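Two complexes follow with chain A in common, the first pairing it with chain B and the second with chain C.
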Partner chain A sequence: MIRQPVSTGTRWILSAIAIGAMFMAYEAISFRQTQKNPKQTVVPGVTSITTGWQKLTTPNKRGETWLVEDVKATYGRLFLGLGLGIGLSIVVGVAMGAYPWIEALLVPPIAFFAKIPPTAMLAVYFVLFGTKLEMFVAMVGFSVFFTLAQSIYQAAKKDVSDDGVHKAYSLGASSGEVIYEVLWKQILPRVIESIRLQIGPAMVFLIAAEYVVGDVGIGYRIRIQSRILNMDVVYIYLILLGASGLAMEWALTRFRRWLCPWFGE
Partner chain B sequence: MRSFYPFLLIAATIMTIGCNSRSTTTDPASSDTKNAKGDAGVKPVFSLAWSEYPSWSVFGVAHEKGLIDGDEGKTGPVEDKWGVDIVLKEADYDTCLAYYGASETDAVCMTNMDTLAPSLSRSSVAFLPTSTSVGADACIATDTADLASLQGKPTYGLEMSVSQYCFERNLELQGKTIADFPFKNMDPGAAAQAMQTGQADIQSIMVWNPFVMQTLRTRDGAKVIFDSSTIPEEIIDMVVIGKDALAREGGDAFVGAVVDTFYQINAMMADPKTADETLVDIGKKFSSLSLEDMKQVVQQTRFYATPQAAIDLFNGETFQTKTMPQVVEFCESHGIVASKPTIGFDDADAQVNFVTKYLKPATSK
Partner chain C sequence: MDALDIRHVSHWFGDHQVLHDINLQIAAGQIVAIVGPSGCGKSTLFRAILGTHPTKAGEIYADGERIIGPSRRVGIVYQHYTLYEFLTAKQNVAFGLKMDQTSLPFRCFKFFQWQAKRREHERLSAAFLDKVGLHASVEKYPIEMSGGMRQRVAIAQAMIMKPKVLLLDEPFGALDEATRSDLQKMLLHFYQENLAAKRNGEIPPYTIIIVTHELNEAIYVSDRVIGLSQYHQKDFKGSTIVYDAPSPVFHPDDIRDFDRFIHQRDELRKVVFASDDDVNE
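What follows is the complex of A and B.
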């Protein structure tokens, strides 16, 4: 029978097994590589995490620490881009959900651009926004904007019943009040969920852009260091990316539950 | 307990994947069943990874002309002559480096400088210098700039690569302080594109061909501040094989076949009857450049067209006592290598060993 519940204890054990299997799989690959070449550094053993950490946290001649510089750069770009993209998509998405003429006007371009992966138009971004911070922010911003605007306007259109809107109007609310009090408050949890789902893709595009034109940042470091086979550094950044992604997801879920407890889990 | 089952299955699958992932194509045993032509005996299989570059695209051309067959299980006349099966792997330059470092290829086309880092974990034998950069790497700036005016302004190029090496060597030769001229990382293709589209913040780039030619042609007023013609025979394009692979049965024959192939194509380039046609073919495998462009390219990427030229380089005193120590020094000071690999010339114990014994004319064996 499906959906048979398991106890909390079993849950923990199974999670531990999965994590253990992950490490074992990694070690197995590392072992295979070591058999090919005993001195390999491509898939170093799990313990190499310490050497990688050392490289990342030891200040260089100019007193810069890779970890600090890269994290500042990458997450600075990410949050700026996310902030702009989210802000813009909320305004546009809600407007589209509220006014059918705006919807009719904007659906074709937004639906079209949402389907083009920003990495495919990297060159266009360079031409339009240069190769500095503006470009990274634009890349992240637009990568979330199109998809997010779509899901927000869908929510504003479908998740809010006409009844509710009409009731508010007949009780004397202005259009602005209906949008804020009825429409916005009802779709807020959906908006937060949609944002949560967009962080992953945004990171993909950011790392790709850093890979090509970054002179600092996680994508840049991964490219340069893997080129000279310093894979211990690379694996730490992979772990960091995974952990930070999980943390952001968790934070947004908590935020949604706190802000909209009526929405449920 | 039934609910456990799927989980265990997944866990078991993950572990199986981990242990059984594809065996390398370089395993001689794996070619047993694949010898398509069915000729006498099984030829040992060796792989060569190459990326588009004038003197490396030669191998792609050799495949197209049928001298060798780059597919596994198929052989061309040169392979038959030497009794090996050469598998060509074409990839991006960085990917080739990754293949070599991960022992996913036996031999690879790379520069003398990029050989150092992988050699720390995989002892390498450089057996064939193919060309040297004499102008193929250049620092290009927009109209008003000269070297003095570049001071304090960033130059964009691939960090920790021959670009940065060439950049700093030229500053050194001109008596400048390297710290006054910041070098910032950017993919060469992106840097060239940024300059070609006239981005205000990119005033100076350090890139290699075809980007040098492309940028000079596309951007009005772009000019070469300096290039690698000031440091001939310092940036060497070559073919390198892992010591482990060379030691395998058929290793010597494989190296011989690669050298043979290279000089056969060079002979075609030297023969007036076939020269243009061969250049056009190479051009097709190097950014689709035309004959005219290729004529310029081979000036800036000077081929070591004969075994003697190659031997003279590897045995040369400048190369052994000045160039290589200098390159090693650069790599260590820039964090490209954590420690200096040992460099040797016909020295089997060295981590990077330059050997000349395979450098024989194409016709002999």
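What follows is the complex of A and C.
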């Protein structure tokens, strides 16, 4: 029968098997490649990845390491863009869910722009904002804004019934209080979930933008280093991206559970 | 002064007349049941009394003040509870006190005074929940409670605000028979409090209008039954009041014997639930 529950112990063992299998498969491919060409750097062995780490942590002419420079640039752009995009989408999404005239005004343009892939908009951001920080922030900000504003608006409109709103008024709430104390608090866990789901796409668009027009950052470094087949550097950045993505997801899930215990799992 | 005064209220949607010249005065302390066939405009009338959907003609006054929008003078309990899922039972009941006695700037900028106020609100709320038999569930979220418990919280949430009129919209419709009976008795307890207040020369605290499709319930919990019907006259458009009579008052400890009002129930059924065909005959 499907959906038979699995014990926690079994779950841990299965996870360890999956990670171990992945690790061994990589080592096997690396071993085979090294047998063919002992100087290959395309699939370096796990131990030789330490050379990649050394390249990343050796100070350059400016006295900074690639790792620090790239992480600062990429995550600075990501968090600034996310902050602006999330802030704006919350204001716009809640306003659309609360006031039908704002909904009528903004649904068509937001629905339209949400359908354009942000990477396709790169040329527009490039023309409008140049190639500096502003361009990457605009890219990340707008990439999350349109989708997030739509999901927040849907939640604000549907997660609280008209009866719930009318009842709040009958209990003495003002319109501002209905928005903050009822709409906002009801949709908060969904907003956190939507943000969590938007971090992945935002990172995709940012790395792609850095890959194309960056002069520093993880995407830029991956492009330059992969061209000269320094895959040991590339793999470390891939591990860093995966681990940071998991960490952000874990932190947001814990934050949501702590802030909204009523929402369940 | 009447707790609720409905004067010449009519309402229509396009060509479809729903309410026709409703006139109704309800004194403080009455528990009034409104019954009527489906589509007779009970919900339209309720929304008008609540102030969310004004009628096209007529005026409604609660405690002498005209209703022009929802306010804390009129409270509401819906069939499907409509509790705030993100608040515990205690916080749900204290919600109105918080909205009524404090403001957003007060809660943000006078944090310590707000905390003191919040503790006071939660103490009052816990006491009210105790009164409706939920002393063990004050910290539970709605999702952790049964339908009956949620409805008690919803009633406490509305009643703690001491509205001039409390509207109960099919409040027990989604509950099992045992829970329904318990909550009906809770209303009878409130009525006893009204009688005690009258004896002491005070204004009775609870004026309640309950909409129900269950005739036994309507007569059992109320002291007055109103029948609303669209089938009162041949080719007449819109519902109006076709039945208005006192109903027997039960004490919560009395046996729940519906046979005591069998004649009134039959009369009510005949007058209110007569179909178009019956009228035409």
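We take it that the second predicted complex is superposed on the first by the 257 of 265 C-alpha atoms of A that agree within 3 Å, B and C clash if a C-alpha of one lies under 4 Å from a C-alpha of the other, contacts with A are read in each partner's own complex, and residues count from 1 in each chain.
In the analysis below, contacts are C-beta pairs under 8 Å (C-beta built on N, C-alpha and C of every residue); 3 or more make two chains touch, one makes a residue touch a chain.
Predicted model, so just to flag it, every value in this text is computed and none were measured.
Peer 1: Looking at the combined model built on chain A, do chain B and chain C fit side by side or clash?
Peer 2: fit
Peer 1: A:89 contacts which: chain B (first), chain C (second), both, neither?
Peer 2: neither
Peer 1: For A:143 in the superposed arrangement: first (chain B), second (chain C), both or neither?
Peer 2: Once the two structures are laid over each other on A, A:143 reaches no partner at all.
Peer 1: With the two structures laid over each other on chain A, which partner does A:74 touch: chain B (first), chain C (second), both, or neither?
Peer 2: neither
Peer 1: Taking the superposition on A as described, I'd like to know which of chain B and chain C A:151 touches: first, second, both or neither.
Peer 2: neither
Peer 1: Check whether A:260 is in contact with chain B, with chain C, with both or with neither, and answer first, second, both or neither.
Peer 2: second
Peer 1: Chain B or chain C: which reaches more residues on chain A?
Peer 2: The partner that reaches more residues of chain A in the superposed model: B.
Peer 1: Touch check for A:220: first (chain B), second (chain C), both, or neither?
Peer 2: first
Peer 1: For A:168, using the defined touch cut-off, is the partner it touches chain B, chain C, both, or neither? Pick first, second, both or neither.
Peer 2: A:168: touches chain C, not chain B.
Peer 1: Please provide the least distance in Å between a C-alpha atom of chain B and a C-alpha atom of chain C in the combined superposition.
Peer 2: Minimum C-alpha separation, chain B to chain C: 32 Å.
Peer 1: Any idea which chain A residues touch chain C in the complex?
Peer 2: 161-164, 166-174, 176-177, 180-182, 185-186, 188, 260-264
Peer 1: Taking the complex as given, what residues does chain B use to touch chain A?
Peer 2: Contact set of chain B toward chain A: 2-4, 7, 10-11, 14-15, 17-19, 21, 24, 94, 97-98, 101-103, 117-118, 120-122, 159-161, 184-187, 189-190, 193-194, 197, 199-202, 242, 244, 335-337.
Peer 1: Show me the residue ranges of chain C that touch chain A in the complex, using the header's touch definition.
Peer 2: 50-52, 69-72, 74-76, 78, 80, 82, 84-87, 95-96, 98-100, 103-104, 141-143, 157-158, 161, 163
Peer 1: Per the contact definition, I'd like the list of chain A residues that touch chain B in the complex.
Peer 2: Residue list for chain A touching chain B: 4, 6, 14, 17-18, 21-22, 24-26, 28-29, 32-33, 36-37, 39-43, 60, 123, 126-127, 130-132, 211-215, 220, 223-224, 226-229.
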